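Here the chain labels run A, B, C and D in written order, and each chain numbers its own residues starting at 1.
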Amino acid sequence: MEYQRLIDRILLETKPLAKNGKVASYIPALAEVSPEKYGISISTLERQRYNTGDHDVLFSIQSISKVFTFSLAYARLGHKIWERTGREPSGTAFNSLIQLEHEHGIPRNPFINAGAIVVADILLSIFPDPKKVLLDYVRELANNESINYDENVAFSEKASGHRNFALAHFMKSFGNIQNSVEDVLDIYFHQCSLALTTDQLACSFLFLANDGVNPHNNRQILTASQAKRLKALMLTTGLYNESGDFAFRVGMPGKSGVGGGIVAVIPNLLSIATWSPPLNEMGNSVAGFEALERFTTYSGKSVF
Amino acid sequence: MEYQRLIDRILLETKPLAKNGKVASYIPALAEVSPEKYGISISTLERQRYNTGDHDVLFSIQSISKVFTFSLAYARLGHKIWERTGREPSGTAFNSLIQLEHEHGIPRNPFINAGAIVVADILLSIFPDPKKVLLDYVRELANNESINYDENVAFSEKASGHRNFALAHFMKSFGNIQNSVEDVLDIYFHQCSLALTTDQLACSFLFLANDGVNPHNNRQILTASQAKRLKALMLTTGLYNESGDFAFRVGMPGKSGVGGGIVAVIPNLLSIATWSPPLNEMGNSVAGFEALERFTTYSGKSVF
Amino acid sequence: MEYQRLIDRILLETKPLAKNGKVASYIPALAEVSPEKYGISISTLERQRYNTGDHDVLFSIQSISKVFTFSLAYARLGHKIWERTGREPSGTAFNSLIQLEHEHGIPRNPFINAGAIVVADILLSIFPDPKKVLLDYVRELANNESINYDENVAFSEKASGHRNFALAHFMKSFGNIQNSVEDVLDIYFHQCSLALTTDQLACSFLFLANDGVNPHNNRQILTASQAKRLKALMLTTGLYNESGDFAFRVGMPGKSGVGGGIVAVIPNLLSIATWSPPLNEMGNSVAGFEALERFTTYSGKSVF
Amino acid sequence: MEYQRLIDRILLETKPLAKNGKVASYIPALAEVSPEKYGISISTLERQRYNTGDHDVLFSIQSISKVFTFSLAYARLGHKIWERTGREPSGTAFNSLIQLEHEHGIPRNPFINAGAIVVADILLSIFPDPKKVLLDYVRELANNESINYDENVAFSEKASGHRNFALAHFMKSFGNIQNSVEDVLDIYFHQCSLALTTDQLACSFLFLANDGVNPHNNRQILTASQAKRLKALMLTTGLYNESGDFAFRVGMPGKSGVGGGIVAVIPNLLSIATWSPPLNEMGNSVAGFEALERFTTYSGKSVF
């Protein structure tokens, strides 16, 4: 198979780059992960799956979970969600408070920490048990009932989450958090702890390449228009302050997490997930970023 | 023809929106333009052209010219151009000095004023007569020898261009302008004064939908990879501080100018240009923005 | 008595200005105070006291307490205190997080909220029961055993103190808060709730006009050099973002609070306290500010 | 004489500190000055003068001239001057454009570059020949007809003054510069080039210790109230971003320049000038700053 040879080659070529990055160390559970781990998975609309490397090892998806929670809230609220968060690139670090102060507690977009915390607050106002709803949602998208939170990671996130507590209290001072800070962050720290393999991750994003329809059960998760808009948001804001560079070099809507994962989609074609823990200074996986650039270069496929 | 009916309908539907905007007034030549003017043009890779409204009236393309100058410099310098300008969304107003101070004279991207002034400086270092080179370049891309600068506009730009003088001197204090500020801004003010019709504008951007090859004469203007990258840059930074919103609502790489023009492309398909002078607070044409959103919604075509 | 006639006149002249301000409303206990209240008190090194208006009504001293806590910590730590807080004017609003982010969790000075929270953290690390120590300290300085916290105010401060929680968590993320955020803010909210009369307030600041020696019991509270430095700090940073203006118009080291109090000293001479609840947009008492300007103008006395 | 012994001792003690600083190097005329130069001068209201070290060598007073031009404009415009510049500490570097952008072209105070450029613009609107008026003014204050501009320095300032051109054009874009940028900066670059000795400098500031009256000819330069206000401004903003620290450690209204000079006054008593070219990172003379701190510590005299 062509895709199989392609990802085998790319894994081989880009694996050495991992040594230029540093594994996230702010919580023990992340710091302990081997920097050698590396997996790549592709899932196509033709129901083919291609895997290479450590594609069956669970890792912490961290910020990638922001796409799941946003999608869940967006399907419910529609346009009204934009009263609570913006949709512009932030131009500043992912956990900055500066932008938030200038714009009176409205985060720049739902994929920076502040925006994701607002989304967690929204879920808490909608659902009696948002953690369970979210877990069911991800399991359905990935077509895999075994997916779960890593309570150990969630607990560590909380213990070292002073900056996120600051963000939440700060937005609450502007009236943009409606539930208790403790409860909102409990959701947020749990969503960050979701553990998936690259194979599961690629599967779970396939609905975005399919005009919002979950290909596993044909359920409409988002309208086609909403799916288009979510992909635009991923393209412009999905890789923290390196989103412009990712769009420029890779040219696919994507989302990264400090656990070392990146996932991206090509509309009407496929989704692809990479996992290599060492990060660059922007918080994105060094090897994964390069792998995705090579994928678009070698295959000639991107959104442009 | 389907595209013809589509743009006729969109023009009719969105024309009333112009009254919600304000024509740029900082120079007389722009302030005198009628807010009623409205034209839409499409140019396809199949060599079809579709026009409606004031598609044959010359207007000042202003910041849209930044794509031409950048493309010209990028083809010459390649990757080395990124030593002089960034490629990330700015997150601040198009003529802000704040970002520039924080980042030591390196503009965020080539489509904010500071970035375009650096590009003009680059052209001045490469070409003995950059204004003539640029004019020939645009004429070739538009396949139209009649295109010209509007000296009246260029003169007015200079007379009221204190902010741009500030930007250029500021960057020179950081060493990121190599020629005289006067000479660099002379190029910049002239490029802004380029006068095209929507029909000519759509034609001149078709090479970006064609993997960098000028379809009028089959000359390779940019490599396919460079064209892809330039489109990514347009998508993330082409509409000032509203770029994220344009990507979100419209989903096409585009570029706007305060003369009221917007141009956008769909890879492998077409380019589309709109012109309606009244602007929203972000400096983008109110009717043109909405027209392009409807175009992608009605046609179901976008990059996503 | 000359001072008596002077403050009687000033009270009469400036009382009408109160209607140009607004009483702080973020907690009920402050919002309920009558805007008509107005008292002025002078305490001299010759042991004379002059009072006019509502000089015997208790009010919430709020940020004025920051001088007490800083003085207490400064006497213990000396120069080492500057490892935890700066001593420059902030140039931004009193509860801003922006400066804090730019300077990695080190507040600009001990009289903005962030700085006072760091000082509370310091007191908590020094004393087993800092709230009791602080109360004894203020009672000794004011020579009045009846002074107390207003638990009602302290409770309300906490309930609406999201911004202060944000500041504390934010600094903790930089390692500049060493105790639990809850415990540190408990001290902070209590110090803000201290209730004094203008007469008690003037008395309690007299040690600063006396080279650091409490004139009531001749105890050295600060060294002469420390007292000089604390007065310099008050002059440059004591009235939030209006400190420069206060120095300019009044010319005395002073400190204000959102309860409507202001206290100021003239070295080797006297201390003066005013209380009028309506505040200007900077958070300073409108009538009190003007009263102190007139006091220096009419008396010809200032530090300059 | 006591003051004589005092400054002799301080010069001896603090001279070695100069090696911790760096001589300003942005123009040749400043870079060539020997870092070994060191002079201290005191001028008292009792008409005594005390000098030590290189007190009779001319040096470039640079930003110290901002006090002269401001005083000249203030006497003419009175309160109306505050429509053109603020009077708060800037909180940012002396040549920052950030504050200026946030506050729409109104500089924070007249002692940062932007503020002094506005003052130069004001002088140009008042006087037909402001450079001559300023020179006469300084000669009168210093009681010395030999004082002059250093045309060599003025020329160099202009050649490397891109940042100041940026500031002036930027403010003109907000309408806060009324004359041509070239003409305004010609005044500004000349005022910076004024060459005085420490003895002359101390003499020329004595009017500020004397309630605004020039003690050499008894002419009222400023009203007593204006003199008080100008001193307050110096205390809060006179040493760039280190003003708070200077107030804290020294406790005198002062003004520094990148030529290595600092001048300060004690109301009703004396003025003191120091000159040692090596600067700290904030742009203030290392030895001079320390000398003034020791002067207040040893003499026990300050405004506090």
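Keep this in mind: a contact is a pair of C-beta atoms (placed from the backbone, for glycine too) under 8 Å apart; a residue touches a chain by one contact, two chains touch by 3 or more.
The structure presented is a predicted model; accordingly, all values stated were derived computationally and were not measured.
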item	value
Neighbouring chains shared between subunit B and subunit D, ordered by label	none
CA centroid of subunit A to CA centroid of subunit D, Å	55
Averaged-CA centre spacing for the pair subunit D and subunit C, given as whole angstrom	32
Computed distance of Cα centres, subunit C from subunit A, in Å	47
Residue list for subunit B, restricted to those that touch at least two other chains	none
Pairs of chains found to touch, sorted by chain label	A-B, A-C, B-D, C-D
Of subunit D, residues touching subunit B in the complex	96-98, 100-102, 162-163, 165-170, 172-173, 181
Residue numbers on subunit A that touch subunit B, as the complex places them	86-92, 99, 108-109, 224-225, 227-229, 231-233, 235-237, 241-245, 247-249, 251, 253, 267, 297, 302-304
